[in-house]
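Two complexes come next, and they have one chain in common, subunit A, joined by subunit B in the first and subunit C in the second.
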Partner chain A sequence: MKKRAVITSKYIVLAIIAAIFLLPILYMVMNSFMPTKEITEAYTSSADHYASFHLIPDQFSLEQYYQAFLRRPQFLKLFWNSVLITVPIVLIQCLISIFAAFAFTKFEFPLRDVLFFIFIILLILPSWVTMVPNYMMIQKMGLLDTIWSLILPSAFTAFGVCLLRQSMRYVPDETIEAARMEGCGVFRILFQIVLPQVKGGVASLMILTFIDSWNMVEQVIIYITDKDKYPLSVALSEYAGTDTGIIFACGVIFMIPALLIFLYHSKEFKNARV
Partner chain B sequence: MKLKTKQAWTGIMFALPALIGIFVFYLIPYCISLYYAFTLQNRFVGFSNFVTLMKSETFWLSMKNTTIFALTAIPLAMIIPFLIALFLSTFDKHTGFFRSLFLSPLIIPIASVIYVWQIFFTDYGVVNNLLQKLGLEPVSFFKGPWSMVLVVIIFVWKNCAYNIILFSAGLRKIPKDVREYARLEGASDFTVITRIVIPILRPTTFFVFLLTVISSFKIFREVYLLYGMYPDENIYMIQHYMNNNFNNLNYPRLSAASVILSVFIIIIMLVFFLIERRNDQ
Partner chain C sequence: MKSSLKPTIIKISIAFILIVALMTYFSGQIDNYLLPHVTKTLGGDGTLKYHLHTDTVVERPPASKAYALPIDFPVGDIAVREGSSVSKGERLLQYDAQEYAATKKTLGENVERLESEQEKLYTEYTTAKDKLSAQSAMDALQETHAALEAAQETYDNFVSRFDSEGWLLAGKDMEIASVSAGIGATVPEGTALFYYAADPSALQIRFTCDPALGELIFTNSKITIRVPLRSDEGEPVYRKGSAVIIEKKSTQNGVECTAEIKDVKLEDGETMPTYGDPVIIETEFESRQYAHIVMKSAIHDESYVYVITKNPDEKRYVYQVPVSIIAENEFYAAVDMTAESLPLVLTSSKALEDGQRVIVDD
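Take a look at the complex of A and B:
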């Protein structure tokens, strides 16, 4: 009997922890189904009127989504900007990192370890250090204020190479050697023998790179001056000031791609070897 | 021998795209900024750019705030997930579902939830409403020292998830009987954790530490979306300092800051790597 009480109380604690993690997100989703009027009424606050906790809509409505999708062409355009930046980054980053990690784990060439050491240092350096060199190069190439200024530096980061090198180390050299003896080409070895064994690593890389670029802020406000080219990660905060009534639906729409890519890969992600 | 050189060339070809990118966007421009750091209007000026930087009060303010943030947020974002992972490991049944739930702050874009934080924490917001009902003084999270508290809360909330996953994976590697045997021998829970669990988890902890440090460098995103380009002086971070110097394109000063900060970070990380290496032996 006592044991059962312990188990129940443990589950209650677990539920409370989960609630803390989920609350802001749940709040956003629930609030996205409130009509605009309800939102502005609930959150217009002043010294004698505090905003109150308002989770459950008084009246269920899709007005915010209708407004965001059909009445604000600008919103969809900004959303599309985010896609245009994120998809190339993820694809280039994955392909290049797979190649480089393969080279760094399964081949020997001069200066290999020195070069990899440079990757590790770059992995750690924050954007406030690397952005100055980045900016100078982008300016010299004449790419400022184009989406390429956001895509190129983020596509070539050390992160993917380091992550995939970690998973590729577990691929036994013997299988590769055997395939080579059989006369298998390097590309076939990479794509048919190595890649299936590091699926978890690639999935993690895709998710983390996607999330990171979907959330891009610091590069955008430095490299891009034309606000029409802003991705939603930055532009959304400007909606908060001007278009309060639909902000929750915009947030939910913006969240969906990240959520989908996570759910698609979640099993590999959680079991990835690190 | 011939085979070996052929192998080496294949390796180089595979590494080449990544190497070109890293050289073009990071290494070569970094060398250029090293040059800028020691010149002013194309004249070699020695360390004078660094001296000007050291005299700048805003630079030190941003250094101070970034350090305060790192020293509070990083330990919290490691200890709390460790405790949660320990708690999860006491369950007999699967807790995979809960662990996925915990991941959601990481998955959800910052910009999406930022408005919820605003409603909760503005001067007349939900949290202050609650504080008032409890008879406590309302707190200003957007001005004054409490703004740093809010930034730390958001960071911990967001970064706990992945660390829980990593710690849980590490804990699963410890055989259950080891812990049970120690307990049968009369060791208390506390001793089991400090003497058995923590030493075994050291490599995991180091990895978690590294990832948390890297994410702590990205806190600017939240700070920018919440407070804009010119925040309260309590959360004026290095990234703000750099951005404000970008606005007037002060290359000598930016380069000097970039060089000195990277040297600083590399030294700190090397120290940690060496400690970790020595413990390994």
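Take a look at the complex of A and C:
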């Protein structure tokens, strides 16, 4: 009986925590079905009137989606800016991390542990610390105000290498040795022997990198001045000031790619050994 | 997540990407198609020519007309009575002798004073040491000259109406209908001194002008008209003529004007119109007020216009700007408004809202 009560109370606490985490998403989705007028009325604040908490729409409407998809072409263009920035970062970062992690895990070479220690230090460093040198380098390369100024600094992270190194440590050396004896080359060993065993780690890295790049804000503000090149993550805040009426629908559309990627990789993500 | 759901997620992802891609490609065109297409017009500063009067017809003049002067008239003596027939130049009423002499003297002195002042200013102008002093003297000279001309006209008008003993003289042959002035009384300016029988062959028109324009209309009192000739068949034939405004008075409906028809150019065999025939007033009265002129079709509900602005996003938006109409004619209105330099919406393919984005067709 006591055990049952403990389990019940655990579930209650977990449900409350889940509700707290889910509420903003639910709030955004519900508000995306409000007509513009209702949004404007609910979120207009003044000295004697505060914006109200308004979860359930008085009137169900697809006006925000109509506006976002059909009447605001600029919004969708910004969506593709996000895609153009995020996809290369995810692919390049995963590829570099896979090669580097494989080398650190399965190869013996001088100063390997020292180098990895430096990687760990880089992992500890906040990204803002490297922002100024990065800016100077990008300026010298003439890449300011281009999407490459966002892609190149994000193409490598120590985090990805560390994450995959931990995953690859679980791959038995015997399987690699056996493959080598069968005549497999390094790349075949990596892509056909090791990677299938670290799918969870790669999926985790992909999801985390995707979310990190998809929500990129600071780098954009520093490296990009042309607002037409802004990704949606930054542009959304601009919309929030001028187009309150469609901001929730924009938020939902912005959330969908990350959600789909997570759902696709959720199994590997849960089973990942890191 | 069951692995069997992966194909579904892939399908959903592809569908999502396709929808967003298609929408991105077409939304610009769809948006352009759905947005109101407007044509623009620009206002301009200037004066407005306008016809602003009620329809009018030929009327019979009243049996008698009032005779009034634009000056106070202290009556010294009266030489006529009801039924008197007077010829041009005969005596009518006497301006009080002492007052006449005093007024004549005052008006004469005023003219002399201004003449003297004009001479003095002319000397100042010719002997000015610098350009600034010369300009100042010239400005004063021009003002004085205008005042002198007005004073001289007043003096001449006063003297020409009276003989040397202050008797008011008849300007034309007339039959006195009644005398309203009494000996010893002072008749105020604009009030009838006596009434005389009107010319029964004279024709007149009456019309009312917009009250808001009462101060703006009639730069001169002679207006151009067109009157129809009497015809039994087909479209009526009109002949040009003129009418002289003989009376203006402000009423609740506006400025009511009475004008006597003169100088209708008839050809052989044609006769003057008769009572009840419509008269077209052709004179375009010009607003004396320099104002912002816009096309009337750009004004909505007679109270606001839509101005077109280019926002920082390089797109065109329309905003309501209130206007107040000072004067208007068939196509244009003189308005008081802010944002005069911005183009206005002339026509729109759809109903507009304040702050709406539009496509401007050039």
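Just so it is clear, the second predicted complex is superposed on the first by the 260 of 274 C-alpha atoms of A that agree within 3 Å, B and C clash if a C-alpha of one lies under 4 Å from a C-alpha of the other, contacts with A are read in each partner's own complex, and residues count from 1 in each chain.
Rule of thumb we're sticking to: a contact is a pair of C-beta atoms (placed from the backbone, for glycine too) under 8 Å apart; a residue touches a chain by one contact, two chains touch by 3 or more.
No experiment lies behind these values; they were computed from the predicted model shown.
Asks: Overlaying on subunit A: subunit B and subunit C, fit or clash?
Replies: Subunit B and subunit C fit side by side in the superposed model.
Asks: So in the superposed three-chain picture, is A:248 touching just subunit B, just subunit C, both, or none of them (first/second/both/neither)?
Replies: Only subunit B is touched by A:248; subunit C is not.
Asks: Looking at the overlay, does A:135 come into contact with subunit B only (first), subunit C only (second), both, or neither?
Replies: So A:135 only meets subunit B here.
Asks: Using the superposition on chain A described above, determine whether A:264 touches subunit B (first), subunit C (second), both, or neither.
Replies: second
Asks: Figure out whether A:71 sits in contact with subunit B (first) or subunit C (second), or with both, or with neither.
Replies: Touch status of A:71: second partner only.
Asks: Give one of first, second, both or neither to describe whether A:80 is in contact with subunit B, with subunit C, with both, or with none.
Replies: second
Asks: Output check: A:110 vs subunit B and subunit C. Expected answer is one of first, second, both, neither. What do you get?
Replies: Touch status of A:110: first partner only.
Asks: With the two complexes overlaid on chain A, what is the closest approach of subunit B to subunit C, counting only CA atoms, in Å?
Replies: 10
Asks: Taking the stated contact definition, name every residue in subunit A that is touched by subunit B in one complex and by subunit C in the other, in rising order.
Replies: In the superposed arrangement, which is not itself an observed complex, subunit A uses residues 266 for both subunit B and subunit C.
Asks: In the complex of these two chains, what residues of subunit C are touching subunit A?
Replies: The contact residues of subunit C facing subunit A are 1-3, 5-6, 9-10, 12-13, 16, 19-20, 23-24, 27-28, 30-31, 34, 313.
Asks: In their complex, what parts of subunit A are in touch with subunit C?
Replies: For subunit A paired with subunit C, touching residues are 69-74, 76-77, 79-80, 253, 256-257, 260, 263-264, 266-267.
Asks: In their shared complex, at which residues does subunit B touch subunit A?
Replies: Contacts found on subunit B: 4, 7-15, 17-19, 21-22, 24-30, 32-33, 84, 87-88, 90-91, 95-96, 98-120, 122-126, 128-130, 132, 157, 160-161, 165-166, 169, 207, 210, 213-214, 217-218, 220-221, 224-225, 229, 238-239, 242-243, 246, 251, 254-255, 257-258, 261-262, 265-266, 269.
Asks: For subunit A, which residues are in contact with subunit B within the complex?
Replies: 10, 13-14, 17-18, 20-22, 24-25, 27-28, 31, 43, 45-47, 49-53, 95-97, 99-100, 102-104, 106-110, 112, 115, 118-119, 121-137, 152-153, 155-156, 158, 161, 186, 211, 214-215, 217-218, 221-222, 232-234, 236-237, 240, 247-248, 251-252, 254-255, 258-259, 262, 266, 270, 274
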